[in-house]
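Got some structures for you, see below.
Here subunit A shows up in two complexes: once beside subunit B, once beside subunit C.
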Partner chain A sequence: MRALHIYVLLAAAALVLVSAGQLNPYWMHVAIIAMYYGILASSWSLLAGSVGLFSLSHMAFAAIGAYTSQLLINWFGIPIPLGMVAGVVMCCVLGGLIGWVCLRMSGPYLAIFTLGFSEIVRITIATEDGVTAGMAGLHTDQLFPDAATRLPYFYTAFALLAVSLLLMGLLVRSRWGLFLRAIREDEQAAAASGVAVARFRILAFAIASGFAGLAGGFYAHYITIITPSMGDLNEMAKLVVMSVIGGMERLPTAVGGAFFVEFLLEKLRDLSGVHWHISILGIELELQNIDQWRLPVFGVLLLLTMRFARNGLLTPIWLQFVRLGEKRSRAPSAAPDIGPEDSRA
Partner chain B sequence: MSWDYFFVQFANGAVIGIIYAMIAVGVTLIFSILKIVNFAHGDLYMLGGYCAYYTIEFLGFPPLAAMAVAMVALFIFAIVLERLMLTPLYSDRTERKDEYGLIVTFGLAYFLRNSAVIIFGPFALKPPSFIPGVTRLGNLILTNDRLVAAGIGIALIGGLLYFMQRTIWGQALDAVSQSRDSASIVGINPRRFNSFAFGIGAALAAAAGSLVAPIFSLAPDMGVLPNIHAYVIVILGGMGSVTGSIIAGVMLGEAENLFTAYFPDPTRAFAYSNAFGVVILMIFLVFRPQGLFGRRHLRME
Partner chain C sequence: MSEGAELVRGSGLTKRFGGIVANDAVDFVVTEGDLVGLIGPNGSGKTTLINMLTGHLEPDGGEVAVRGRRVNGRAPHIYAAMGVARTFQLTQLFGRMTVLENLLVPGLTRPHSTRDAVERSARGYLAFLNLSHVEHLDAKNLSGGQQKLLELGRCLMLEPAILFLDEPFAGVHPRLRDELITRIQELHEQGRTFVVVDHDMESILRISQRLVVMARGSKIADGPPAVVRADQTVLAAYAGL
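Let's look at the complex of A and B:
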């Protein structure tokens, strides 16, 4: 049975949707935030993993999407969904512009350039407090002001994530996706083979930034307050940690990385009450407040992943999962090739 | 606005510029040898500052000796990091080395910064001055800390230039940066110089951190902005050019300080002075990626 994994995924999704009401408010919040990061991680992995454009301005685009949406709502009183769409359009345009400006840059130069752009965005938002309320944070309108629980937000986040993944997955599997990966492997060779490198680099930037803006817009209308630190370097680092730990070359593994990291970050809070007494060679060590090491732990995990499992921790699992149905139908002696299309999903 | 004001700002700009140059020289040295942009450089600078602070606090060292301790400690620490994390950069089997270098140093920065918040606490610390008090030169008043920082900074940079140009090890370093293969043919072990360059860069950053600490005080995120400034300088001066970095460092320090001093809206001046440097960076990356002086431009493979 081919593509069994798709049915498994659909079944799991249906299960999640049906049982979402059982989650307590805290974990539902964690799940919603995890899906927000899921959209960001997958769109960043489209840019960094598929096209090889290591952009550090992805979170800045999320902030731009969020601020654009709310500011337009404040100024013109447009409905919230329209504000989110405006944020996405804004991010697409700006992202395309950034992509165009740094067409000639590669690797570290692009990273430095986008780092500079994200700093400018952060500084501008923080400083122009007459417009953006600065560091105090901008109050935003709720998407569902009448909702008693977070369930509507959960479904919205789920739908946005699913649609984003579907669209990006289609893009990655299409002929265009092939062009994008060709650019990553060797830009000159791709150009020589007839790929319009410039056009596709700009396109990739615009699309990925648009999804970042979408995530940011949703976040703004869920959280009800946005601050400039939404797009700062620490958030960007978190996104890199999520994507790389999961596996930045595939969309589902990047999303899985986002879920994994976000879940573990919350789960590790439970360690706050733990006291460990260790005595080694007569030296008494008292460990407490272990939970505050949550963030450095993920730094170490990122370094270990890069050093020993560069494809990401979830990639082998995902590849096994994708081959679920094929094992049964194929003779064991068959050539150990990877499924024709699944290897790249 | 009087001339005195201008001169004070000018002198402050020169001091900051020298500190920036020390950080940027490390970045450019690491880039020319290891062919990576070190995103964790600002955090090595932060660690250097804290290392000097705790040497003064717990061991009772005088500030200058503490600076030396910090330099040695960060030199060793950086070599350990390089051995542990960056060796795949030299293997032929590693694909996409610049991506590897980027993510690893970026992750390292994240790790160091967040660990520092826990170990050193989130609050700003202020170590004792090198020499307390101020110095008057006519109408020009400067704190001694700034003078010491500038003096030691110039001495260290001068020492580095002498080392790079006049000693056999320095020339070997230069040889490795020009061609690894040719260097190994004439008997230079490039691997050893990878560690060495990373260590020297970190030691310079540590010196900068301990010099800056009495002026601006220490905080776990103090490395973020100097790191970005170092990139501005490195791009301005030309990637891989040590002298270019020194000149560009002083220029940026001046430009930024005078920008802050004469920006029409003083409440926003400081915030935008950081953006000012970044705008310069972006303009240069787009229009003149080889830097101001048009030197040999090292491109990534």
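Let's look at the complex of A and C:
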């Protein structure tokens, strides 16, 4: 029963959908935001993990998707879903353009270039008051204005995350996914093997940016106000932390990282007002408001992950999970079990 | 040169790196059925020539034609699609992909290919290269010799008309080197065309039907191995032979 893990995932998804109504409004909001980051982390992982393109403009694309959707609604009165689709299309086009401009860049050069683009987007949004409402924030239309609870948003976020994962998963497992991984491993060898490297790099940028735009569009019509800080470097750093801690070479682990970080960040808020008195070598330290330390804690966690678990903290767990069915269905064998599960995941 | 149709032609190929002329108006023609050995001292411009003939470097001067069609400035994957395959001086594999996946990549770039057919073909080549037992290993875990064989297999998956092998015997254990030579000879007998670059004179002379010698960016000899070996210019350039 090789697909046991898929049945387990489907059962878990069904359980979540059935019991979502039991969540209190606060934790439901956290779950919705975690799913928003889940789409962003998985699509960034598609770019960074599968193709090896370390882009720092992903959150800028989320902002572009959000602003495009609401501005088109404001200007032309189009329905919200159409606005979101327009945001996705805009991000695909701009992402493809960035991919084309960055064709010969990789590593730090690509990171710096995309960081520059991200800052241009943020500053443009912040300064164009007349169009974007600048730092005051642009008020957005709600996707479900008549909803009494957040449940419709929860289901929508869940559906968008599931569809995004399904589409990206199909891409990763297709021949295109194989070509993208070949490009990640060695562009020159991929080209010698007949892979149109430039075309696939542009395609990867366009697709990943499109998913970022989708997440941004949903966020805009859930949160009701969007600001330029949506696409700033802090948000991008948070996304990188989520993907790296989860494991950026697999879509599910990146999503897991997004959930892990988002929920833990919120849980640590409970330490608000807690004071610790520490004595080290006779030096007395008074730590006030422990919750303020939650971000440095994630910094340390990131460093430890990079040092001791480069594939992410969740990757070993995920690999064990996908092997569930195989272990049960296969007779004990002495054959080494290296590789195929890694590559399929 | 064999009597077959012309596959690849480089005319007046020139490449400069800064002030250094790596290739100086080199003419190089390979016809169907050739098994060419390309030799020369370090820095003589062999790899630069191969890079230009396979689309990995754009010549500063001259022209590259594949089956009579001018292809200067085209991307390497276009050359691959036209049946020009190559290996690299330092083996370049898809290290974190399995051995089988390494072969699937070129196979699936071919038009109208299906996953099942490509997998069958890949397994056939893995058996031919004695790599079946490692098909699920990541390529980075293979020995140096196995990596060279895998790189050859990756070329074969393109069903190429011509294969450029850049130093296929470098750093390879003698037993695996013999296996590599046997495979090249078998493939040549099946009708494949080869250009083999190497410093290992013994291996090159064992397999070549035609020897081309380069020195200081120029072609200084081109002909049957027995004739080229006796050439005084070649002996002077290849000091010690």
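Criterion: the second predicted complex is superposed on the first by the 328 of 345 C-alpha atoms of A that agree within 3 Å, B and C clash if a C-alpha of one lies under 4 Å from a C-alpha of the other, contacts with A are read in each partner's own complex, and residues count from 1 in each chain.
By definition in this document, a contact is a pair of C-beta atoms (placed from the backbone, for glycine too) under 8 Å apart; a residue touches a chain by one contact, two chains touch by 3 or more.
If you're wondering where the values come from, they're calculated on a predicted model, not measured in any experiment.
In the superposition on chain A, A:Ala136 contacts neither subunit B nor subunit C. Using the contact criterion defined above for the overlaid structures, shared-chain residue A:Ala237 touches subunit B, although it does not reach subunit C. By the touch criterion defined above, A:Ala147 lies against neither subunit B nor subunit C after alignment on the C-alpha atoms of chain A.
By the document's definition of touching, of the two partners only subunit B reaches A:Phe54; subunit C does not.
Once the two complexes are laid over each other on the shared chain, residue contacts for A:Leu9 go to neither subunit B nor subunit C. Contacts of A:Gly194 after superposition on the shared chain: subunit C is touched, whereas subunit B is not. Here subunit B and subunit C are compared by how many residues of subunit A each touches, and B touches more. After overlaying the two complexes on the shared chain, residue contacts for A:Phe117 are found with subunit B alone; subunit C is out of touch. In the superposed pair of complexes, A:Cys102 makes contact with subunit B only, with no contact to subunit C. The contact sets of subunit A with subunit B and with subunit C never meet. Taken in their complex, subunit A has these residues touching subunit C: 175, 178-179, 181-182, 185-186, 188-198, 336, 338-340, 342-343.
Residues 48, 52, 54, 101-102, 104-109, 111-113, 115-117, 119-120, 123-124, 126-127, 233-234, 237-238, 240-241, 244, 292-293, 295-296, 298-300, 302-303, 306-307, 310 of subunit A are the ones that touch subunit B when the two sit in their complex.
Taken in their complex, subunit B has these residues touching subunit A: 36-37, 39, 84-85, 88, 96, 98-104, 106-115, 118, 224, 228, 231, 235, 268, 271-272, 274-275, 278-279, 281-282, 285-286, 289, 300. Contacts from subunit C toward subunit A in the complex involve residues 54-56, 75-77, 80-81, 85-86, 88, 92-98, 101, 104-106, 108-110, 115, 136-138, 141, 154, 157-158.
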